[in-house]
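Letters are used for the chains, namely A, B, C, D, E and F, taken in the order the chains are written, and counting of residues starts over at 1 for each.
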Amino acid sequence: MTVNKTSTFLGTAALASLLAALPALAQATAAATAAAAPAATPALTVNKGDTAWMLVSTILVILMTIPGLALFYGGLVRSKNMLSVLMQVFAGFCMIALLWVAYGYSLAFGGPTDGSGISAFIGDFSKLFLNGVTPDSISATFSKGVGIPELTFVIFQLTFGAITPALIIGAVAERMKFGAVMLFLAIWFTFSYLPIAHMVWASGGFLFSKGALDFAGGTVVHINAGVAGLVAAIVLGPRVGFLKEPMAPHNLTFTMIGACLLWVGWFGFNAGSNLEANGLTAQALLNTITATAAAALAWATAEKFIRGHASALGAASGAVAGLVAITPAAGYAGNLGAIVLGAVAGLVCLWAVVTLKPRFKYDDSLDVFGVHGIGGMVGALGTAIVAAPSLGGFGPLTDGAYSIGSHFVTQLTAVVIAVVWSAVVAFVALMIVKAVMGLRVTESAENDGLDLSTHGERAYN
Amino acid sequence: MKLVVAIIKPSRLEEVRQALNSLDVHGMTVTEVKGYGRQKGHSEIYRGTEYAVHFLPKLKIEIAVDDNQSDAVVTAIRESAQTGRIGDGKIFVFDLEHVVRIRTGETGAAAL
Amino acid sequence: MTVNKTSTFLGTAALASLLAALPALAQATAAATAAAAPAATPALTVNKGDTAWMLVSTILVILMTIPGLALFYGGLVRSKNMLSVLMQVFAGFCMIALLWVAYGYSLAFGGPTDGSGISAFIGDFSKLFLNGVTPDSISATFSKGVGIPELTFVIFQLTFGAITPALIIGAVAERMKFGAVMLFLAIWFTFSYLPIAHMVWASGGFLFSKGALDFAGGTVVHINAGVAGLVAAIVLGPRVGFLKEPMAPHNLTFTMIGACLLWVGWFGFNAGSNLEANGLTAQALLNTITATAAAALAWATAEKFIRGHASALGAASGAVAGLVAITPAAGYAGNLGAIVLGAVAGLVCLWAVVTLKPRFKYDDSLDVFGVHGIGGMVGALGTAIVAAPSLGGFGPLTDGAYSIGSHFVTQLTAVVIAVVWSAVVAFVALMIVKAVMGLRVTESAENDGLDLSTHGERAYN
Amino acid sequence: MTVNKTSTFLGTAALASLLAALPALAQATAAATAAAAPAATPALTVNKGDTAWMLVSTILVILMTIPGLALFYGGLVRSKNMLSVLMQVFAGFCMIALLWVAYGYSLAFGGPTDGSGISAFIGDFSKLFLNGVTPDSISATFSKGVGIPELTFVIFQLTFGAITPALIIGAVAERMKFGAVMLFLAIWFTFSYLPIAHMVWASGGFLFSKGALDFAGGTVVHINAGVAGLVAAIVLGPRVGFLKEPMAPHNLTFTMIGACLLWVGWFGFNAGSNLEANGLTAQALLNTITATAAAALAWATAEKFIRGHASALGAASGAVAGLVAITPAAGYAGNLGAIVLGAVAGLVCLWAVVTLKPRFKYDDSLDVFGVHGIGGMVGALGTAIVAAPSLGGFGPLTDGAYSIGSHFVTQLTAVVIAVVWSAVVAFVALMIVKAVMGLRVTESAENDGLDLSTHGERAYN
Amino acid sequence: MKLVVAIIKPSRLEEVRQALNSLDVHGMTVTEVKGYGRQKGHSEIYRGTEYAVHFLPKLKIEIAVDDNQSDAVVTAIRESAQTGRIGDGKIFVFDLEHVVRIRTGETGAAAL
Amino acid sequence: MKLVVAIIKPSRLEEVRQALNSLDVHGMTVTEVKGYGRQKGHSEIYRGTEYAVHFLPKLKIEIAVDDNQSDAVVTAIRESAQTGRIGDGKIFVFDLEHVVRIRTGETGAAAL
């Protein structure tokens, strides 16, 4: 492997200029409306019921990641790579948690809230290591006058920052170096997750100001991770033996457990994103049940028609597709809207996995793009529709009215920006990592399995 | 002595064991194996990918017997393992030169 | 298979007339007391602590079902049927969740609350697709003036409606067609679960008015499902090889995980049924710990004496028996009452499984009747006793007094009604399904295992 | 086996006198400050948000034990002993839950709160079977005027009492008689856990009065259990084949699931120990994330340098070490303090397991001492440092100042007392059990595996 | 008849199956085994403890063939299973006295 | 050449491996099998149902050796695998016609 220092520098420079150049796009008119982002408004009252709910939601999203996502992914690989997947998710979670405290929260939610200059695209360094955030600091919620301890917002958002890079792991499973995975996730988290989270969720963020709707992270989390996964899968190239030898999931029981824990944890993800415990939280939770149920049944039923068998893996995959799609719409969709959105996502993601992927022959090992990328797009665009009050939704009114068309355009803009941004960052990050340490394990290590070759252990004895 | 080896369907093990018991054959060794033959496999689909499964689960039974018992054992297995459907398996007979019982050191037929 | 259309029609007619005929039994004196059922009483105040707790309880009951129940059951079958069990529970949960939103909630909790006419037995169609239920709607709790968002009541009750049919799956495991399971559960849910839930829990419900005590669903959930399981096991007939070949559980680790998650989720089930977060909720939670602990130890200890071995499966089974039995009594029993009730349930259910079942030779694959049916009866009847304030219980007083005898009679009435109702509905439903699509897979499919033959996949590779 | 009744009596007498003799040490000046222990102060207001949070925390600690700890331990043993570990943890939890209600709560938190006489060392029998504790009873929290239902305190503390003995099981795995494990845990719980919990946490307790800092149980839970585990491992002697035949973990996937559930449940353990849902609770939760993440990465990275492989089991073990170490400091440490404390604990526990244990050749099967004992000491002593406000901590001020030195001495005193107390009680308890029924299964039972020989079943078929 | 037994690397199974197919050999029985030989094992470390793993996963393939096919089968296996790296395995040939097809009772070459 | 096959108790594998090593036999193939013989099984109870387990876990070791080594190998196995308790297992010796080392194509004793 030739370590190409020049390309590393070029890559880093490209990333830096990406961040630096984009503020030019910022709209001077970025709205300064009240935001999810913490602001020490004096009049905010904290209710311990909300606090309790945010603590629980945080814990749920962690459960969703470890062991939820780890098991969902782990069951799908061959047994010789089981621990490598568990370890990548586990260590990835640990690493991002520390980066979040170090600078992630500050870059995502620190800085001016007026969207001036670069602040439309990224926060600042004012809250490095949670500087100034004490147990008494308060963040605003979506309800006027209602606050929650800022630390609950910090930990809740930490879990979002941690699960998003972890999602990408499914695309590179069974062949990437452990160190390379870690470094790649760290770079991508810094240059793609943080700015996009800032743009969409921070007061004054570029997309936030444009009115992009993303209740719990369809764009920030799923499109973002799905696209990075696709790029990584293509750059890495397929696993040895891909499309030649059988690579059947080694333990679908673990995958099913993982899918169930993803679902359970996702209630914290989606309903927690309301930042309060009220009737709308219950609506978001209900939508997260019904959209998912509809998607699981849609996928399994379609499989029955196409292939003759409704599979358990199909139902689980459909459920995840539904969860992804309802994520941006969780608090905006009405009952019927959620069900329809879920069903559509189930069918479209099935198509992406069964038809789209084989056509292009990229080896997205565990279908991160097919489920999270595509499902995220269905959700982001569908949100514009199902949020319409005329369709039973709870979308925000502009001058007393809700225009599906204009919301659709905004959502599409957000999707395009996230796709391009994430793809560019992922590609450059991979080039850097390749230059620094190489991306893939040796072929013989891949044959032996990463558990033994990388981690020196085996899952089952 | 002979070693009688039979590849059978897993669901026939219990019948075979009983058939051999009634011949007063009380020893055997069983291995889980996978078989490939005229019986066709099936295909499995995981997400988009289809896998052809050529090998089907079978059991291999090995019974060391005295020369004169060999035919009776073969017959007993054939009858008890038969379902009449494809994939019922094979019986192989080998010459067995020497047998030792580890516990006692006995050899030959006494070791069985 | 002969599709007998006539019998289908007869069956459907029988079900319909069952529902239609029963109101004649309704007591004109049905009490119109404040109920768990939502009623938009203007003076209700919502506390976010209660809301947070109801959200959490909902999530816990989902965890209890998927993956809890799915794993508990799945570990007990042979590995070739693992995915079929996971899939039936998973897809069953999805289907009922959608039916609940479509008409389940309306039929269970919609309509007049005065118990007039048919409303003593079933709700109406006023809340189809949650018509009129908004994030601002409020439901009453058991405390005067205290409300919770109606949507939290909707989702909490959704989980009860979903787990109850899923319980039945254990009785028909390893042999029933997937489509037949789904159709059977849908019919049974509609004609047995919904009316019994209405009768017991809705304001004006027939048994509610009679004062039947069922804190969290001993009758509605466990007797109901247990009896349906027994009927289904008998109608289906035993598995190929039953009592002839070994059918040892393929993975008791999964069964133990499942048992633990059932227990953990059951806290939401039982303590959540208080609809508030207060001292009585903690009492219900404590009872759900101690009754279960006593039952697990009682079963395992009895096994040690009978068989010489205290088994892990015995402890887990005992725990479930204890959970079932304390369910109706969770908020009524005192500390000692809960422990005694649990221990008794552990012993009685052990007897049901070890002595009763072999005597009648029905193949209730995973002992749904032995544990849920019998345990539910022990609990329902025992509640009359342990709720007595003289025994440390918290049962409701009538004219300042608590009569164990009269409560026992009421409980017995409720048990008998549930047994008969559920048995009739289950039988007719099975006949309908048999006529429509047949009940069992072919013998060769059963030999190959349902995972491969029905779902086209295997759990372990 | 010779049952030596005399030694049994001597042992019991020794334990009794240990308890009786120690009050002499009690400081007359034991502070009578407001305490975590319940006191029916009339002015306490209960907030349902706090109540909801305490209910959730209780459930989380149960999840942490069953299935969390059970799986973490179970995955590490050979498959022939899997069920025995699950069963010991499960049955142990059940048994202690009942003992807690019977007399545990009373001995830990009953009696005078002024530390007079024996009350500095142990509670009294005033609350046997929760006598007098009703759904309306209220306990004080750490905030003036804020109370929680006493029953939530009872159940929360129940889970602490139950998990502590369960931790010891890892040290004696794969060789101890089931009955002997149960009896040993019951005796040790009574004579070591209860007095130490009382001394550290009850108002008027000896160490509480001295100002020992133990937010969530570093001393009470981890040092206590770790030392008992060490003593038990030594007294029992090594497993047959120890250091001769391979005893590789049979299923590291279960161990990883267990580690994740331990972590998730530990949030209830640590953040629940604040007894309220507020900003400090979020801080404790954050510390429980970051210290753990730092420890997991520290252990795995060190392994990479020492052995060439960063193992998944290493990351999981490191995580547990971090969780143990942050336990006493959870609500006292600031952000950086928690990270440093975690990283140090990861490295020290790695040393204990890789270097210390082999040197002394005791067979602490699953490293209870190496991780909980040593990690607990690192945490207890480290708390004195990281709690310092000058280092960003939230430790209590004395006369407006925080002295690391004097706190360190207090912490060291608490550690020494816990080590000696637990070791003596464990040793005597083991001698009693040995005399009554013997400690170990026969060698042939050990060869066959405890699942078959003791419980009459096998985990996998 | 002969029984050809080959110990091969698991990853070569598919090639071997295809090579045999092109010889018109459509039956075989496969067993998962562990092999010990010149190929060195590796060590695994769990917490502090290091385990030397001497045995490596291999597959055992058994093919009953008519005498005259035996050499062709051996050659086909040798070529398709070879990677040239240590641990490729062995081929053993045994004399097979008697074969029976359980389903039909056919014996000898007809039973294959 | 001979193929020596031994059915042994799983716990004896390590002793047998070392005993063979000291004879300079450095190759063998091991299979997990289940054995049925004089050694009685046990019964397991799951909920109400009792299962008789007739088959006990054993290991099958196969060692191909040159004719003149055969006796020494048999003796070494018998001694190292013996515990003296029932179920210690058997040793079978077969004639081995032909051996090939896949990697090199060597045949006969050179292939071992």
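What we mean here is this: contacts are C-beta pairs under 8 Å (C-beta built on N, C-alpha and C of every residue); 3 or more make two chains touch, one makes a residue touch a chain.
As the structure is a computational prediction, the values presented were derived from the model and not from experiment.
The minimum number of touch steps linking chain B to chain E comes to 1. Common neighbours of chain C and chain E, listed by label, are A, B, D, F. Chains compared, chain C against chain D: the Cα-based superposition rotates one onto the other by 120 degrees, nearest 5. Averaged C-alpha coordinates give centres for chain A and chain D that are 36 Å from one another. Distance between chain B and chain C, defined via averaged C-alpha coordinates, is recorded as 47 Å.
Centroids built from CA atoms put chain F at 18 Å from chain E. Across the assembly, chain C contributes 47-50, 52-53, 56, 246, 248-249, 251, 307, 309, 311, 313, 456-458 as residues in contact with two or more other chains.
Contact with two or more other chains is made by residues 31, 44-46, 94-95 of chain B. Pairwise chain contacts in this structure: A-B, A-C, A-D, A-E, B-C, B-E, B-F, C-D, C-F, D-E, D-F, E-F. Interface residues of chain D, counted against chain E in their complex, comprise 76, 246-249, 307, 309, 311, 313-314, 317, 353-355, 357-358, 367. By the touch criterion stated above, chain B contacts chain F in their complex at residues 3, 17, 26-31, 64, 94-103, 105, 111-112.
Residues of chain A touching chain C in their complex: 47-50, 52-53, 56, 60, 78, 246, 248-253, 256-257, 259-261, 263-264, 267-268, 271, 276-283, 285-286, 289-290, 292-294, 296-297, 300, 307-313, 315-316, 319, 335-336, 339, 394. Interface of chain B with chain A (complex): residues 44-49, 51. Across the interface of their complex, chain F is touched by residues 2, 6-8, 31-38, 54-55, 58, 60, 74, 77-78, 81-95 of chain E.
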